[in-house]
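Per-chain numbering from 1; labels A, B, C and D assigned in written order.
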Amino acid sequence: MATINVNLISGRSIQQGVAIEGGKEKPAYRTAAGIIELDPSDFKKLGAWKNTNVRVTSDYGSVVVKAIETTQGPHPGLGFIPMGPWANAIINPDTYSTGMPTFKGVPVKVDVAMNEPILLGIELVQKLCGVK
Amino acid sequence: MSEYIIKNGNVFDPVQGIKGDKADVAIKDGKIVDKVGSGAKVIDAKGKTVMAGAVEIHAHIAGPKINMGRIYRPEDKLFTCTPTKGIERMGGGASIPTTFKTGYEYAKMGYTTAMEAAMPPLFSRHVHEEIRDTPIIDEGAYPVFGNNWFVLEYLKNQEIENTAAYCAWLLRVTKGYAIKLVNPGGTEAWAWGLNCLSVNDPVPYFDITPAEIIKGLIEANEYLGLPHSMHIHPNNLGNPGCYETTLDTLKLAEGYKAKNKFGREQVMHLTHSQFHSYGGTNWGDFESKAKEITDYVNKNKNITIDTGNVTLDETTTMTADGPFEHHLTGLNNLKWANIDVEVETGSGVVPYIYSPSISVCAIQWAIGLEIALMMKDPMRCYITTDHPNAGPFTRYPRVIKWLMSAKAREAQINAFKHKDKVLSQSSIGTLDREISLYELAQMTRAGPAKSLGLSGMCGGLKPGMDADVAVYNFNPDKPVANPEEIEKAFSRCAHVFKSGVEVITNGEIVSNGNKRTLWVNAKVKDNPQVMRDINEKFLKYYSMTQANYEALGHHFVPNPYALEVDATQV
Amino acid sequence: METVTITMKNLPALYLEADNISPDAFAGKTAAQIGDLHVYEGNETWTLGKYFEVSGNAGATAADTKIIVKGDIKKVKYLGFKMSAGELVVEGSTDQYAGGWMTGGKMLVKGNVDAFAGTAMKGGELTIEGNAGNYLGAAYRGDWRGMKGGKILVKGNAGADIGMYMLGGEMVINGNVDVHVCTHAEGGKVIIKGNAKTKIGGQMVGGDIFVFGTIDVMMPGFKPAGELELEVDGIKAKFAHYIGDTGERHKKKKGQIVYGNLYKKI
Amino acid sequence: MTKTITDVICPFCGTLCDDVEVVVSDDGKQLLEVYNACVIGTEKFLHSQSKDRVTRPRMHQPDGSWKEVSYDEAVEYSAQMLAKAKKPLMFGWSSTNCEAQSVGNEIAEITRACCDNTAATCHGTSLIAIQDIGLPSCTLGEIKNRADRVIFWGCNPAHAHPRHMSRYSIFPRGFFTSKGQMSRKMIVVDPRVTDTAKMADVHLQVEQGKDYELLDALRVAFKGEWLPDVVAGIPKEKIREVADMMKSGRFGIIFFGMGVTQSLGKNHNIDEAIAVTKDLNEYTKFSIMPMRGHYNVTGSGEVFGWQFGFPYSVDLTRGFARYNPGDTSTIDLLIRGEIDAMFTIGSDPGAHFPISAVKQFAHIPSVCVDPHLTPTTGVSKLHVPVAFNGVEVGGNCYRMDNVPIDCRKVVEPPEGMLTDEQFLIKVRDRVRQLKGVA
């Protein structure tokens, strides 16, 4: 099993849209947004099956999500995490003094993390903020 | 409501023909009355000028394009924002003030009524939200009709009755005040990147000409007998030689007579005529045709106009004349906003700097003043800056200074970089007329009120009229040593009453008043065909449903005042 | 020239807006009067004396007033705001808007500055011995009138969006710069001794950029226009010349189209 | 017996569909079925009915548990927090109506707060660009009736604005577009082969973060100037082909989204895209429109606009309005540590801000007004649940093309629940007392 480097972007997906309206405290939200969409070729490089938990790490943080095969590819070298706490744990907060963080185009490292749990949305944010 | 008596002021009221005599003005229950009890609060106006509250007939002060101007010009507010002060909300903006500042600035100058000059019907909810948040002054809004598909289709077959029924419906659902035309046909053409530069250019696809649209809407307006006349911004605005298009437009009113119960006499109001009085073939030989335009209007009594005076400021131009704004951004290459509105109209916004060192701007300044000075009947010519197009309305005191003092005009002419060009391309240098306070009251009060069909309500101090009163620190008996005194006096009122409520004392806001939204409720015979056409257009061509388009609840117009019109018997 | 030294004694809980710390605001005032000038912490108004130790009286005019600011002033904004003359020496790093809207005089920052330093500068000299943040010498939001005159020298690196809407004046960056240099510029001169990233000179219609180091990616709107020998800031070197942004609309002078110039040392 | 309410407005995205039909029980208390809405909109209406919904304010206890409090106690905490703070931030406003926004602005004015809406993390950079070079735009009906060139740049309506293409941009048959989608050429620019891209006539798979270069290249191509062989991964021949395709249309529109506003280049990407649109008006008619996310983020910008003069990132701390993203913008204020109290309404910064910004407000006094449980409520000191806007309360909203539409109330909120506006009015009146203003 290897470590791969991909360029991360985050954004809306319709499943994420449905899930936030269905309730961000629910597991369905994690299923919709606690994921990273990778290109099949990157799965090969990573040496992992689809739907394995992976740890995604950037200069700004680290988070465990489920790696799934992209439905909107091919996009080799590009990783997609739907907008939400999982993506925001690792995106680049630099605004270049425009007020807008760099949500898209963050270099990240992906490792397999088979046995690490994927937290629920609210849990994740509370844990990272050190709030019970 | 409390009683007031304004004592010993020099009163100027064209409605009663009072020309500066010392007189008292009594106020009770929001109205002007003959006399009040001994308990009435006394306002000493000795050595001061007393007039009715002024009436703004044409300004862009509420709605989508104004807010686009605010939103996309932060630099218009840099270091100019004012803090909250007691009941006065914070404000900001030089050429496009926030709604609060707009209401306060008008009131401080003695204005108590103002008309938003171009309301895109689809955006009526937005316009009314801004009107609601503009304190003190009564406001109405003119929906635009000149590029509306219903109007184009009905008038193609001269269906005046259907046009009138549609206009009545739209005025009702948008809470509109009058029928406004902006570059008739030209803005629809602009949806394809084209324009109509003369009254005979056919409108793409609809095969109708601006002339037919203009005549048809005059007829529909008189069919309904609305308080105001058809209010027009003609084709070919702002181009050298455009005065010919303007004359062609004015001639279309020939033979029409006003039919209404509001005392209005004109059938056409030509707005910001300064922008439509240009001669020459290019910016090099650009010249004034103010004489040609005013000669025609002086002769034809069924037309009223406003000036559109250039104030020589940095400002923000905005108009439903979409193609013109695109033309303008090509000239000055500054930021350009455009808002085309489905089925109805369009608009554009571009910042502009009227620089005294540019000859064209200086000549534009001259033309605006020439028009006011060449018009024989002040009851038919009203002072505007087409705010914010020729300059912000907050410059009215300066325009008044230029109109009342030949000395002030001369000083400005001498300050121009291209003085000789101004004198050769216009006749401003030959005009020595100075507008009197009585004429000023006609041009800013009685005149516009009459043109709007409001002469029974505002613009005068006759008992029974709304108690809108402005008291200026200006002594008509004393000679004016320095013209700057005029500008100073008309910038900040000593007292202003709006519907009997004292809103300004010594130039400061003391009450947010009891502002109303004026609109026209025109009733027509049931017209199933027009209702069917409306249903069909909403099903096929609009992007929102008819039910939501018609929904304009109380929270948008909390304090409405409807002028009732009954055209069911026509 | 009279010298006033102000030293931070009580740190603000949040940030301090000190647009009154300039030779113009100090001119003609005694140490005590200077201590009474207003500074703002959030929505609260306090006196300068609450936060700063003031010593020395100012000169009669801005021109003969020198201010030395000492202590931890990392959280102080608007130093030298609108200054027109005199001197301002900042002995450390300071926050946003250093020398913003300045029209004259000399301002020296011995540490770093945050964003918006020298915003819409018209004249004078702004020297930064450390690093500068984003929007150095740029226009205010929405304004098409950026830096008109004066000189900015940065001995370290500069951030993104320097010289946006630049019309005149000169900027020298001894280190590297981030993305977007001189966007929409119509004049002026920017000299970058280090490296530039991408999007340099975008939508430029006039002015000159000199880069001594590397450029990650050139804008497609800049077309090669040969090579030439030049002396820039006292350094003779050979440069590749590019003109652009050819996608942008350009003014004409005597029938000739005026372009922005990008010179890269080779 | 049930009744059907028609012409209902969907309070999810900026498309603001207003043709939704909702079936409710005849006592008007229960929402039973939803027609015409997309899958997200349907979920929004139905979830408002969920049984596990929080209906009373709750204070976060040190041990992580929640203690139910009355609305009056919630008003008191909020008012005290805002009145005491040196630099409070009132953030959100995009999922509430304009009436509530107006009351919020009054509170901000009295307490001299910073106020900002969710444009901070979606189209804030678009607004900066609009301030730099303007915005030639139009209403969505114009596109339905006229557009024969439709470009989606860095946006994915198939996922983010599900009914956009069917209602306005691709499929509808309008006045001059009677052939519907057959009369339109669809171009998509996106680094991924999105579900929107799969429908396009042309898909430019741009290198992520190089939109600025590609847009510039298009402008160069319009003018027939020299181009490098490849720009942002697209060969120059392809760029010239697309440039000609855009020029040859009669009426074109560029829709753009987060793909350009959040990538490197930020406001300059939009700036260049608007410049492309401006250029195209020399040859034909072209417009451009941001794909606004929250259903009333546009309205918040409009209300800020006419009341304070700026569309977002407004700083009132000095008693008058100031604006400069980078200084007065929420993310910068938080990350720089400039804020000492956070009031959130109609938004979920906890889920959608970078975690470093969330950490900042997790440790200062904070209030979150939201009908849902969210990461923001999870880290706030006080959670104030309210009625669902657009479902249990009406009010004005603005569509992505700035067209105002008055939302409809379709069901009653649970017994005793306040709306955003009602809660804010109570806070405003209490703040007035605390600050001693009229």
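Quick note on the criterion: a contact is a pair of C-beta atoms (placed from the backbone, for glycine too) under 8 Å apart; a residue touches a chain by one contact, two chains touch by 3 or more.
Just so you know, these numbers come straight off a predicted model, no measurement behind them.
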Pick the chain whose C-alpha centre of mass, unweighted, sits closest to the average of all protein C-alpha coordinates shown.
-> D
Across the interfaces C-D and A-C, which one involves more C-beta pairs in contact?
-> C-D
Return the distance between the CA-based centres of chain A and chain B, expressed in whole Å.
-> 56
List the centre-to-centre spacing of chain B and chain D in whole Å, with centres computed as mean CA coordinates.
-> 35
Return the distance between the CA-based centres of chain A and chain C, expressed in whole Å.
-> 39
Shared interface positions of chain B, touching two or more other chains = 72-74, 76, 335
At least two other chains touched by the same residue of chain D: list those residues.
-> 128, 131-132, 264, 316, 318-319, 323-327
Where chain A touches two or more other chains, by residue | 96-97
Every chain pair meeting the contact rule = A-C, A-D, B-C, B-D, C-D
Which positions of chain D touch chain C when the two form their complex?
-> 85-87, 111-113, 128, 131-132, 210, 212-213, 216-220, 222-223, 225-228, 231, 264-265, 268, 271-272, 275, 279, 316-319, 323-327, 336-340
Residue numbers on chain D that touch chain A, as the complex places them = 12, 39-40, 43-44, 47, 50, 62-64, 120-121, 124-125, 128, 156, 158-160, 162, 191-195, 197, 208-209, 258-259, 261-264, 266-267, 293, 313, 325-327, 329-332, 335, 348, 350-359, 362-363, 372-375, 378-379
In the complex with chain C, residue positions of chain A that touch it = 96-97
Show which residues of chain B lie in contact with chain C when the two form their complex.
-> 72-76, 78, 333-335
Given the complex, residues on chain C that touch chain D span 13-15, 17, 40-44, 77, 96-97, 115-116, 134-135, 140-142, 144, 179-180, 183-184, 198-199, 202-203, 217-221, 223, 245-249
